[in-house]
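Below you'll find the structure I mean.
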Amino acid sequence: MTRARKIYFLAIAAICIFGVYGSLYLQNLYLLRVAILAVITAILALSVDILVGYTGQISLGQAGFFGIGAYVMGILNTNFHLPFWISLVFAILFTGFVGFVLGLPTTKLKGHFLGIATMGFGVIVNGVLNNWTSVTGGPNGIRGIETPYFFSISLEYGNYFLGFALASLFVVILLIFLIVHSPIGRAWRCLRQDEITAYVAGINVYKYKLIAFMLSGGIAGYAGSLFAGYMTFISPETFDLNQSISLITTVIMGGSGTLLGPLLGTAILSFVNEWLRNFSELRLVIYGFILVTMITLLPEGIYPFFKRKILFFFTSKKKKRSIETEGSNGKDVVNE
Amino acid sequence: MFSQMVVNGLANGALYALIALGLTLIYGVMNLSNFAQGEFAMVGAFAAYFLKQLHMGYLLTVILSFAVAGVVGLICYFLAFYPLRRSNPLNMMLSSMGVSIFLVNLSQYIFSPTPKVVETPFSDQSIQILGVYLSEQRLLIVIVSLVLCGLTYWVLERSKFGRSVRAASIDPDTAMLYGIPTNKISMITFVVGVALTGIAGALTAPIYNVFPTMGISLTLKAFVVVVLGGMGNIVGAILGGFIIGLIESFSAGYISTGFQDAIVFTILFLVLIFRPQGILSKVRGEKV
Amino acid sequence: MERMSLMNKVIMSASNISVRFGGLWAVKDVNMEVETNQVHGVMGPNGAGKSTFLNVLSGLQQPSNGYLKISNQKIVKGKPWKMTELGLSRSFQTVRLLPEMSVLENVLVGGHLYASKNPLNILLRTKKYRNTEKVLTEKACDLLRMMGIEAKADQKITGLSLQERRRVEIARSLMTEPRILLLDEPCAGLNPHETDKIAQMILTIKSRGISVILVEHNVRMILSISDKILVLDHGRKIAEGSPTDITKDEGVIKAYLGGAAHA
Amino acid sequence: MLEIKNLVSGYGDIVVLHQLSLHVNQGEIVGILGANGVGKTTLLKTISGLLKTREGTITYSEREIQNISPYKELGLGIAHVPQGRHIFSKMTVLENLQISLDNARKKLNEKQRLEYVLSLFPELKDRLNQAGGTLSGGEQQMLAISRALIADPTLILLDEPSMGLAPIVVQNVFQAIKRISDSGTTILLVEQNAVAALDIVKRLYVMDMGRIVYESQQIDEKELEKIKEVYLGMDVS
């Protein structure tokens, strides 16, 4: 590890510790709630990014994994009276398994078909949650889920829960970082850019897509359990198509295929969402408008755009030419 | 009971066919999976509701809903899709989702979420054919849908414009070499595609009422229909519409209405796994 | 890379390969045997079915008829990555590199088969993991040095010339430790000087005990370095033999310069 | 009639054509020969606007056309027969031809044009209602040329019409091209098949590495040897 990298990691570690510590002092209950939900959304956005950003698989059904994670937690915790932590392990394993099963057929699909198939997955999960009343409680959902104790600290206090959620987020970030910067991540990025290259490099494309589906599902399931533990009440409407769409747009807007992009996307959209409450009923109208504007103006995502701009600002003139051609994405423009 | 389900299924199927037709046209020419398709049905339905308030005749409102949905479509095309015409399909898809959110919530803001009733001169009379009841409104839906599907098919297959659309969807670059302005073609296709859906909305309004979120489930079904019939396949979309209508009607009759969507999507999964090219298309070899 | 063989023997064979697109046979009944320590040329005019044949050899295209054998293992339904595992690696006519990765990373992708993929090793960054990564990186650097582009290891692909890209692609192929290297028009778009360099490189690769299947339009180049040449036209084998035999073959001359008129 | 000066063009960050210049006179049939991958197709695509001209000018009938949309070029009288034929596979042969007639530079009599085209390619007569994708390679090429010709263009850009065709079919196609040229249409022919092309062109350029490396005014046996040398690098005799 180079010296610069060491400093970089120390800085990030410091931010983590400071973040978790600082979360204990947040007094405003409203802000606390917003922050906790934003952190859970960030974990979800990262799980989407594994598929969309790193492996190039569209996921329009991430709310399905999210919902399954939350419901496994809810059912095990309330019906079977398993403690939070054990339910959590089950939730992660089960959603990972669901990711595997979903991946078996869908890894063979591409583009629009994959999008519609994953969307179908989300709709099916939502349908089951809504209608399998004997197990899921139907539209009424599940009440009375236990908020966990972390050793002897009750996470019922928002501050503690925020600290816990943040710590989870950092663990997820570290996990993704380690995997992405490994032969698995290389295989992912390779098959995303060009599947045929992946073939000739000896990469079993389907296997690595499956791994991505499992990991993505597991992480989303974790976020679901976290959500269930925080809210103590879950109902199907949280886990619908809108949730899936909002997640994928968060990732794309922030900048897919990066770690910071989805975080930035979550932060901005959470902020925009709260700010738009001032407009009460017009909130989602403006939200939709912002979405379309952002995608049409910055199709590459906010984070990559600013990264490029900032890098561009600091590079020498000689290098600028090559960066400019990179920015053009190698597409040939037709006369119009 | 059985034959009643068949008739209901076919009536809904005609509606799905009409919406899926627009969706598949747009997909074929623009390579866009338009997630806002159902919202244009909603726009058409609200147009019918609003015009009805002005004491216009129902049939006239149905025709005008075509124009209203078309105009809204044109604006959306230029704001949300034209700038992305050379971007990747994923961005286009997301942009259509943004359009969907925008339209749903705008209509919620303007008209409130409460369902509106649209009266029709056909609604409360039903006719009996061979022991099966069919309301006149449903009969109207079937007739208008079939006529529009047939008309679209005829235009595509027989007219000069239709030739251009088909050429542009098969090979856009070569189409340009032979004088076809592909950008203009995709604009017209988009507008017509969503305007047809607008009519579907106006037709369904008297039966299912009008409310801002009515489009979402229509979009989902239209996608299932299009995948079933083969993306970009016109005949497939029409046939697929009826199949989905029937499946839905049977699953509601024999299993439960709540599971209706889940069952439809399970079938979608099976199709995607075993016949991803749709039920009508032949298997094509993938070229490297 | 130390697989030197004492005598030439067949390590790969293609039997009766046929491919059909719609109503047309792109390739029909082509047989081919690749021996160790050989440069096996494949020639043919544009549209002769070379690319399709190559795609079959590398597992990217399923033949409608016929089968492949590598080291006496019959490949029934080839999964594309399986061919690489069995020791066949290829390059492409239009270079396929990953634009978002550096030169070094592009080569490292080729080392996938030998990388440490155990999740525990990856998450804990164990010594074993770090060692394999280090060995792979060193090997990639070695190959880049052999290709004469180690100076650009950290650059993005977009800054490279066509010739450099070709070299990176070949380095990636070698990274898979192939026994057979399939080169699809490695000289397309290069000038004579660059072509000579690539020819030299192919001989170097051969001297390391790797058989090369070479497809090339540059006739002089392919004649000068091949041990055996297969000529395709209209999807069929029209000649096979040593370069001298090929140049004398009437059918080949006709196919190449066009047989529409006198020749 | 067509004059190209210092043309620079390419894909993404790869420049394929380097300061290329050439001209085609009214009524001529000009060949551009060269091996695979030297930029012949890129040149034609740039002329017809499918690729953007980065530098240089393309003048056609005293009008600069380098910034004109590809779909307006047929209206100017330029028809491009792309490499690999690119016929509209799911449409019938007749529809393929009608597309071109719909967008021709002037209103044409469909029946008359169709008769003319079918007289050149009688093979297509029985196949008018068959889907384009079901034709054989040779028939597809004939259809591709007919599709260009039916719009009565003044300039036809032909990209490798011999590709993948059997020698006897190549002969047919080239004789038809010659007849088209004899009737006064200007043709710019890009070919790899030197012998076939030499038989019909009046003048030729040889391309290599995105540049014109050789230009010739008269075509004879001696030229053939030279061309072999320049782009095949093959000593056949």
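Per-chain residue numbering starts at 1, and chain names A, B, C and D are given in the order in which the chains are listed.
Quick note on the criterion: a contact is a pair of C-beta atoms (placed from the backbone, for glycine too) under 8 Å apart; a residue touches a chain by one contact, two chains touch by 3 or more.
Since this is a predicted model, take the numbers as computed values, not measurements.
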TODO: Moving only from a chain to one it touches, give the least number of moves from subunit C to subunit D.
DONE: 1
Task: Maximum centroid distance from subunit C, chain identifier (CA atoms) - done: B
Open item on the list: If I rank A-B and A-C by number of C-beta contact pairs, which comes first?
Closed with: A-B
Task: Centre-of-Cα separation between subunit B and subunit A, whole angstrom - done: 32
TODO: Could you please state the distance in Å, as a whole number, between where the Cα atoms of subunit A are centred and where those of subunit C are centred?
DONE: 40
- [ ] Report the inter-chain centroid distance for subunit B and subunit C in whole angstrom, where each centroid is the mean of the CA atoms.
- [x] 49
Open item on the list: Just the number, please: Cα centre separation of subunit A and subunit D in whole Å.
Closed with: 52
Open item on the list: Give me the residue numbers in subunit A that touch at least two other chains, ranges are fine.
Closed with: 196, 325-326, 330-331, 333-334, 336
Open item on the list: If a residue has to touch 2 or more other chains to count, which residues of subunit C qualify?
Closed with: 60, 158
- [ ] Hunt down the residues of subunit D that sit against at least two other chains at once, touch-wise.
- [x] 13, 49-50, 69-70
- [ ] Can you check the complex and tell me which residues of subunit B touch subunit A?
- [x] 27, 33, 35, 79-80, 83-84, 86-91, 93-95, 97-106, 108-109, 176, 183, 216, 220, 223-224, 227, 231, 256, 258-259, 261-262, 265-266, 268-269, 272-273, 276, 288
Task: subunit D-touching residues of subunit C, taken from the complex the two chains share - done: 22-24, 45-48, 93, 158, 162, 185, 188-189, 191, 217-221, 223, 234, 247, 253-254, 256-263
TODO: Within their complex, state which residues of subunit A touch subunit B.
DONE: 52, 58, 105-106, 108-109, 111-113, 115-117, 119-121, 123-124, 127-128, 130-131, 196, 241-242, 245, 248-249, 252, 281-285, 287-289, 291-292, 295-297, 299, 331, 333-334, 336
TODO: Please give the residue numbers of subunit B that touch subunit D in the complex, ascending.
DONE: 160, 163-164, 166-167, 170-171, 173-182
- [ ] Spell out the part of subunit A that touches subunit C in their complex, as residue ranges.
- [x] 175, 178-179, 182-184, 186-187, 189-190, 193-194, 196-205, 322, 325-326, 330
